[in-house]
Every structure is written in structure tokens, then in C-alpha cells.
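Chain naming follows the written order as A, B, C and D, and within any one chain the residues start at number 1.
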């Protein structure tokens, strides 16, 4: 029956996307999907896009999840450690939350609050050497969606010495599914359609993760909520540390990657082209007036930014071809 | 190398969706994709969502298409007959255009203009007996997107004698990809976002096709352009011809269908749940005040309304399982 | 200082639009704006679009409202009677809620629940003779947004004997502000964008109001939530009761109306053209296939469908020119 | 009959917004509105939101425009000089195009191509001393929409010595009306909805205007097209040149301005709140990690970014109160 997998936190947007990907995955067999207030509901009452899938959400407890060979956690931040503590060591885990991403406990406490749960292998296979680490790990901390978008754009440029790690400015816009499925007035369609709204300006909790993953030492990040359900577009600019062609560096770094595409010269990433896929699109140039490096990066926050990335990691951890059950191609228009 | 397929008219929205589906299809191998003004372009210059697909669009000519075992035509209305005349009889054809749908030549000339090209097997496998006809055909006329949405909602009710074929009123709203990829001011994002606009009110060219497929004898249809890229939502109301439960009739008609889902009682179809899939969602009730049957039907106009339906027909024509390479599940949110 | 007005329930969408209109009204002076949970907040914390307006929301009590010559009630259904009972008779009232619209107490109880509060003058000035009744009234029940859209399309055709009052089918789509400003998952932007979703199919609570206002005796109405913040588009079809030109009837009925525009032949109403205005756009034709009358009606649900209509009524009740402080022109694109 | 005004280029989006504002302006009387291919059309065939306005578009020629006391030019870039040369000197002109904005002829030729037409008074009344210059001018070059958004955010910070003029990074997103009303595939609703797409990355033609207006000496600007019809949101970051509180500087600079609002601490500008208004909303903070100044600025690209700004200038040039016929308040949701 293949490899048994379970999803904890299946009622949210990342959870729903995980269920969609797993339903089409040829090697993973879903044995449990859990939820909190929605436990007991048929999956289609929560995710109508899954009509045709016969599945009832169960409560989130360790007994149910322990039937699986591999568990995806898509829980609110801070809830992963407690459930992991109850799982047998033999059960592999991919955590889509932030709990095990940061190495620095003090930064965790400052930006997220509460005790630091620990540090797991960071789930971004395209970082040098990381693919092998993930394949050898039983516990993987999936990247955040902003972190994935920005790290893929920036890490090779800092690693190559082109981008000054002390002078990085990022403005990144996200679709609304990135804000989760909670009933808040500021996330109502009436407020969002026709609107761009910045939030957490000056102090976003993902900055430490991005610095850790990219090697940046000083990074200004302004996040913006955009009127679209999915997608992140990040504009990453940095001062040159030494001369070079930023597009060439990115093209070399990702030449063999199935999911990271440096676009042809003159073509710029846009979010719709990545929607529903596990791909990240990149392009880079040099700003004429300021001489800064400008990289634009686009991906689907629920795909390569969350559920797709998690399946990619799970494939590696399970000895499967990395691309199994994932689509390179976006659903557009 | 599997079954060789080609797409003529690959630069439009239906053509792009066909390429996406074919790129993920395990049995069909794409041997040619043609275009008119975009011939010579790399596919990603036309469809950026297909980054990672190495394919150059070629000019639309019979020689190139004749290499295929099966050709999908996604051409503007009126252009199919000329190209079909040049293809060997051994090449199977699915036409996504309207050219071969109508049996009545006079109606063709009245609504579309020009000479009637003929009539092919109608490509809606869920009509009684039609699946077998399609499987036995070398030439299939794919349904129109409005016709698919409305026929799936209405045909079983007329066939069962519940709905009065002489008293049907339909209002159906379509996402903008249904209007095609032509540069027109009224299709600009600035005009469409935040807007609902009816068009061809009182005389839509798809009405004869819908009447032919459903058995309706009098049908008022008002089409509306809605501010979303994909999806059709049709509200189909009819007077009762005899008593009965319309939901039960639909549930019985589609009990074994993989792509047509009569939703649980109380749940109503909405377009986003079908986006990117080959599914149609249905629900029916009786209007309290007027006593009319009300059926709501939703599907993805590029999926079950065009490219997905065409692949479903091609699967049947090729002796493959009908669901090969198609997704039941929508990409949402 | 002009005529003193107050708004009860100023924190919702209709309340916010009332404040915007009143801030630009040359004769009305706002003396109080009340709210429930938002009482004590500066208005810009609730309605950021009103930056520059110096106003703090106060609790909803009769003492504060009694300072006004005229009070607008924009409260949840069922709350108007209690507050009205505490206001001096000399204070004029326009109620934007449904409480005082229906003449039939039994229908009120069936569709809304609770005791029937009574019946006030119906606030649709464009109905024959209604303008004079409103001007002579101290208590006016503003139309509902769907009722305004549909009544303006249908009432003259029934009155003229053209439309059969026993055979009316309506499908009407509303922008999300019509669903109010409450934090519900199904109203989140992630759920709404790219989506059309029907609701209350088969039994909408506005049907009795529409029948009362139009003279229809049997009316099927299907409401749909559309991915746009404002606007209603109603498609109203009816069987002919006698021959005639429906557009001519509408054009004659509204020839002198400042806010109701029967569009030039061939032009069809669309919602964006009415956004931010107090106008309703209409067009009519005869469906070729079914011979039914088809009328399309568009307006801004917060404008002519709520706050604008209320100001129009208040102008009449205050002896002002009916158009004072209202815009005929939409904000588009 | 008041001051006679005319609009050349009335068929575009800025032209339509000018007509809307002028139709509600108590002192300006519109005597002519001209167009190119749409000359001879009734205005409602081009701008359906103006139903109720009786106006036919005339061809763009100097004779018609010369009847006016003041002419608004909303023409494509490069066409203003020719028409201005034919107008009597006594006719005042506000040019919404870029032709007369730049002082440096070489920069004009490099970024726009063609001969430099000259330099007029820059139409941004909120710059120190500029209001008086505009009032004394017969020829005013209205700001560009990006330039208005960014200059209002940045100019006071550079003038006060807080922001380093040599280290400014801007990412600004615009609604689609900013891209004009031309029929291009990349502006189709199907392509734009659900999508964010950067354009002219690394070399936008508005950078010289922004540097001229703000005093910046090095400025990286990345423009992004956002899925909304109106609005610009600019994130402007700069290194500190000396210590200080950027919000205090902005609050002091705009304390008496009717249309520029520095929001209460903790509230961030978003575009919808400015839609349909002539207001600009601002907020500033210091980025925790990088120590950079971050200012966010929002306005309506057709309002304060184009037509509203032009009317504000025209008011000043005509000796009227600056706010005549303009709204401080946005139309939201």
C-alpha cells in the first residue's frame, strides 16, 4: 500500500493543499488527517475542492498519527513540540510550522515568544548540501513561505560574494492564503479586494530565519498583503560586494534543479505562472540608477512555500525521486 | 513512446491548458504544438506557467500535425474544417471549437455564419450512451464550456420527465478566460475587476447546442462575464413537468461518474472548488416561492469546459482509462 | 448649522458609506455616530478611508441620537424597534434595516423570525406616488439592496401589464459588502477571490419584500456572491402578459428620474459603472429563443442599494432637493 | 457660467476621472472634451460610469480647446507640445503627461526619446513653496503617479537631513489603470487577476522625475503591476543620514495639508482607503534589523496621482480654494 502518511492540521489552507497533493501522489497513502474544531467533519465540508475524496477528519492525537510512517504537521506555531513528543521515534516528521527552524533560541523567544523547541534539519533542498541532509533526516523543519521565496533569490549571491550581506532590502507581497484561514475582519474579501496593505512593517518574525538561511547580516523586509489568493512576489535588492553578473550566478546555482527556474533574459517572474505548482521563478538584473542588484522571485506560498516543499522533503526522506507527485507547471490563467 | 498527440492552436488559453495536461499525461506524448502569430516562439514566452517545458511552437500545417496519432484542435471558430480536410483519415481528431457540434445546418449558419462543416460525435461522455459512441469515434466535437455546464445540470431532469423542456431559464457567469486571449479594451483588467457585465443578452450562439444536448425546446440564457480568470457558474431553473426530487434524479444519473459530483444536501457548488480540475459540481432544490426546479452547476471552463473534457474524450478514443492524466480535485483557495 | 443628523450603527459598511456621504453633504450636519463594540474608537480606526474626519464613535443610546433632527439606523435586523421606541416622535428616522418594510406580519415572522415591528413608508422614491409619501413621512423604511435592484427593473413592467406577475425568474449577484462586515470564514478573501458562490438558494428572505414592491405573485430568486467589493447585477426575466416593448416602458417610467438610467439600446448595465454613485442602470430586451422579457439592472449595493438611497429619502423628508449630496456618476475603473 | 475648462484626451482613464471630477466641480464649466479615435462618440459609450452626462467627444484641435480658460491635457507622452503651441498664451494649461516635467533635457531624451519640450512649474502643491509657484503659473506639469506617491513620502526626509539621498530603495505597486487603456494581452483581466508582475525592472522612466522632486541622488525603484484597478502603494526605504524620528518629520511637514495624512502611530496606509479620493496616506518607522527608515505611501493613481492632482493645481491657478470639487475621503470598501 505504499508509504503511510498522515496530516495533522488538515483543515487550514496548507493542510488542504497537502491533502490535494497526497491524493495524487503515487507512493504515499494517506492514513489519517486530523483537525481541531473540524474533527468529525467530512473533508469536503472543509475543503469543497476535494469532492470525490472519501475522508473524515479525526482529532489530533498521537495514537492516530502513529499509524503513519511519516507525519506532516501543519499546526499553528508553538504546537508542534507537544505532539512530536508523543510520536514514536520511528515516525518521520515534516513540520510546516516555524517551531524547529531557528538555531538561535533567543531569537525564537524574541520573535515568537515561548520556549524554543529545538532545531531540525532545514527543509530547503536547493541549498548546497541540504538535499543530502534532508534525505538522511527523520525530522525536517519546512521553510516558511517568505523565507523560501527570498532565500532562493539571495543565498547564491551571498555565497558567491556578489551581494553584500550587510545591505539587503526586501519588499515581498503575499496572497491572502499566507495569512491563514482564521475569521478576521481585516482578511474579509470586502477589505482585501482592490487593496494592498503592508503589515508588521519594520519587524517581521521571518527575518531571523531568512538571515540564517541566506547568510545576510542586515536585512530590511517589508511584507504586503495582496489581493490574490495565492503567490508571493519578492523584490530582493542588495549592494554589490564585488563585481559580477547576478543572473549568471543564479543560473549556475540552479542549472540542475527541477523546481527552480531562472527565466530567459528579459522575462520577469510573476506569481500566477507558479500557482498550483512547486516551482520558483527567478530573474536578476542591475539597477541602472543605483547600481544595486535586483532579484525578483515568485512562487506559490501554498506550493513551494509550504505543502509542495513539504512533499519534496518527504520524498527525499522516503527515498523516492524528489519530484514524485509534484507539478513543475502552474495553473494559469 | 506512447500515443503521439498534437495541439493546433496552442497559444490561446485552452491551448495552454491542453499543454499543461498533456505534459503531465502518462500515455500521451506531445509531438507538435502549433500557433499562428506565435509560431517560432518558445512555449514559455507564450505560457510562462510552463517554465521547464522545452517546446517551440510551430506553424499550423497539416504536415506537422499528421505525425500525431491524435490531434486536438483549439482554433478560432470556422477554421477546423480546412485543416481537418488535409489530415489523413487515420489521425483521430478532437475539435474544441464549435464547428462540428450542431446537427442543424441552418442554426449553424444563423448563429455562427458561414457554411456548416458537418456533425461529429458530441464529446460529453456523461450523456447516456455517449461514452461508447466517443470511444468508437475518430472525430469528436468537444462541448462548449457553457453547454457542458448547463447540459450536465439539465439533461437528466428533462430525460426523467421532471423538467419542462419548454420552460427553462438559465443565467450563467463565466470567468474571463472563456472570452479568449484577444487584446480587447472590454477585457482589460481595469474594466473587469470589480465588475459584472452581461453580454449577448437575448441571443447567445450556444443556445442551439444546449437545446440539442439537453432536449430543451425553449431556453432563455443570459451570459455574464465575472471578475475571475476561470470558472462557470450556471443557475438553471425549469418548471416541473411532473413531481419528483431533482436532486435524486441527478444523484442517480451521476452515481458512477468520476468527474460529476452531486454535492451533499445543503452544500452548493462554487467555481473555485473546481478550478484546475476536470470536475463538475451540482446541487438542486425546489424554489419555495415559485415552485420551480433550481439547479446550480459549476466547473472550470478551461478544464471540464474545454481542455480537460478534450483529454477525457481522447482517453476514450485511445482505449485508455477515461481519467488518465486528469485531476478530480480543484486547486483552492 | 443645517439639519442635524445622526447615524446609529456606523461601524458597518453601510454605516461607513453613510458617514462618507454625510461628510460631503452641504445641508446635513453630523452630530453623532454610534457603534456597539467599536464605541469609543476614532472613526478612522474603523473606516480608514475617512482619514481627515475628526469623529469618535459613541455608544448607541437614545439620548445621543435624540440630539438629531433625523436619525439613520444601520443596525442588524431586529434591533430598530427598540431604539425607535426611545426616540422622541419629533425625530425623523430612516431605517436601513428590514424591520419596517413588510406589510404582512406572518411573512416577517416566517422569513426573519421574531415579532413584526410594524410597517413604515417604503423608501423607494421612484415608485409612482412614493416620492410624495416619503416627503410627508417621519418614518421611512429604506429598501433592501436586492429589492431596490430588482424592483426598479420589474415594477413598471408589471404595472404596465407587460410582464406576467406570476412568472418571474431572477438571478442576482452581489458584491461582498452586501454580506456585511462580520468575521466569517466563508467571507474571507481567500475563499471569495476567483469564486462565484450561490447562497440561500430556493428561499431568500428578500423575496416577500420584492413581491410586495413589484406586484409579482410568483418569483424565483437565486442570489450569488461575486468576487467584488460592491455592486449588484440582477437578471430579471418574465413571461409576456401582453405584447409590448419592455425598454420603452422602462424609458417612459424613468424619463425624469435623476438616478435611474435606461441605457442606450445595445448598451448593457454593468456594476462597476455604478460604483460609488446613487445611480441604477437598466436595459431590457426580448430573448430570441424563449420569447421572455429580459431586464438587467445594476447598482451599488452600498449606494442606491443602501446609504445613497437613505440620503435620498432623508433629503425628501427634510424638504431638500432630492439629489443633494449624492453623485450620479460612478467611480470607474 | 464659471471658469471654462476643457479636457484633451478624455477617452483614457485619467481623462474619464477628470470628467467625473469636473462634472461635480462647482466652479469649473466643461466646454469641450476631446478624443482621437473616439471623437464623435457620446461620452457614455466610452465612460459608462458617466451615464446622465450629456456630452459628445470632439476631435482634439486647438480651435475647440481655445474656447476654454484652462485646458487639461491627458495625452500620450510626447503629444503635448504640438497642441500647446497652437493655444493662445492666455489659455492656462495643466499637462498630465510627462513632457514638461524634467529640467534635464538629456535625461528626457534618454528615458523618453524625442526632443525635450521644455520645463514647466512642477504640479505638486505640497512641496515647500510650490503652492505659490503653481498659483502664479499659466503652465503646470502635473506629477506622475509614481512620482507623487514617492515624493510625498521622501522629500521631507531628505530636506530635513534624515534620509541619505544616496541610498534610497523603492518598491512600488500600481493598479492597472496606471498602465492605461490600451488593448494589450498582458493587461487582460485573465492575465492580471491573481497575479503580481514586475516590469521595467532596473530602469523605470520615472526615476529622473523622482530624483528631481525629492533631491535623491541614487534611487533603486522596482515597479509592480497589482491585481486591482486603482491605487499605488510605495515602500520607500533609506539609510539614516542623521538621527531623528521620520514620522515626526512627515507629520510636521504635512500638519496643515488637507490631502496628505500621516496616519496615527501603528496604522499603515493601504490603497483602498484612498480610492476615489485626492488623499495620500503616509506612515513611517525604523526597521528593527537594518536600521533603515521605512515609509509607506498610498494614493489613488487616478486621483492624487493624476486627475485629482490636476484639478488641485487648476484650482490654485484659478484663484479658487485648493480643495474645491475634490474629496478627502475614499470610497471603500
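Heads up, the rule we're going with is that a residue touches a chain if its C-beta (ideal position, glycine included) is under 8 Å from a C-beta of that chain, and two chains touch if they have at least 3 such contacts.
Composition by chain, UniProt nomenclature: A, B, C, D = N-acetyl-gamma-glutamyl-phosphate reductase.
Since we're looking at a predicted model, the values are computed, not measured.
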Which of A-C and C-D has more C-beta pairs touching across its chains: C-D
Repeat of interface A-D, chosen from B-D, A-B or B-C - more than half of residue-number contact pairs shared: B-C
Between chain C and chain A, distance of the C-alpha-averaged centres to the nearest whole Å: 44
Geometric centre distance via CA averages, chain D-chain C, whole Å: 34
Chain C: positions in contact with at least two other chains: 13, 175-177, 190-191, 193-194, 227-230, 270, 272-273, 275, 333
Chain B partner contacts - residues on chain A that touch it in the complex: 13, 16, 20, 23-24, 42, 44-45, 47-53, 176-177, 193-194, 229-230, 258, 261, 263-264, 267, 270, 272-277, 279, 281, 327-333
Chain D-facing residues of chain A, complex: 168-169, 171, 173, 175, 190-191, 193-199, 201-203, 207, 211, 218-222, 224, 226-231, 233, 235, 237, 268-273, 275, 283, 285-292, 294, 296, 298, 333
In the complex, chain B residues that touch chain D: 13, 175-177, 179, 181-185, 187-194, 227-229
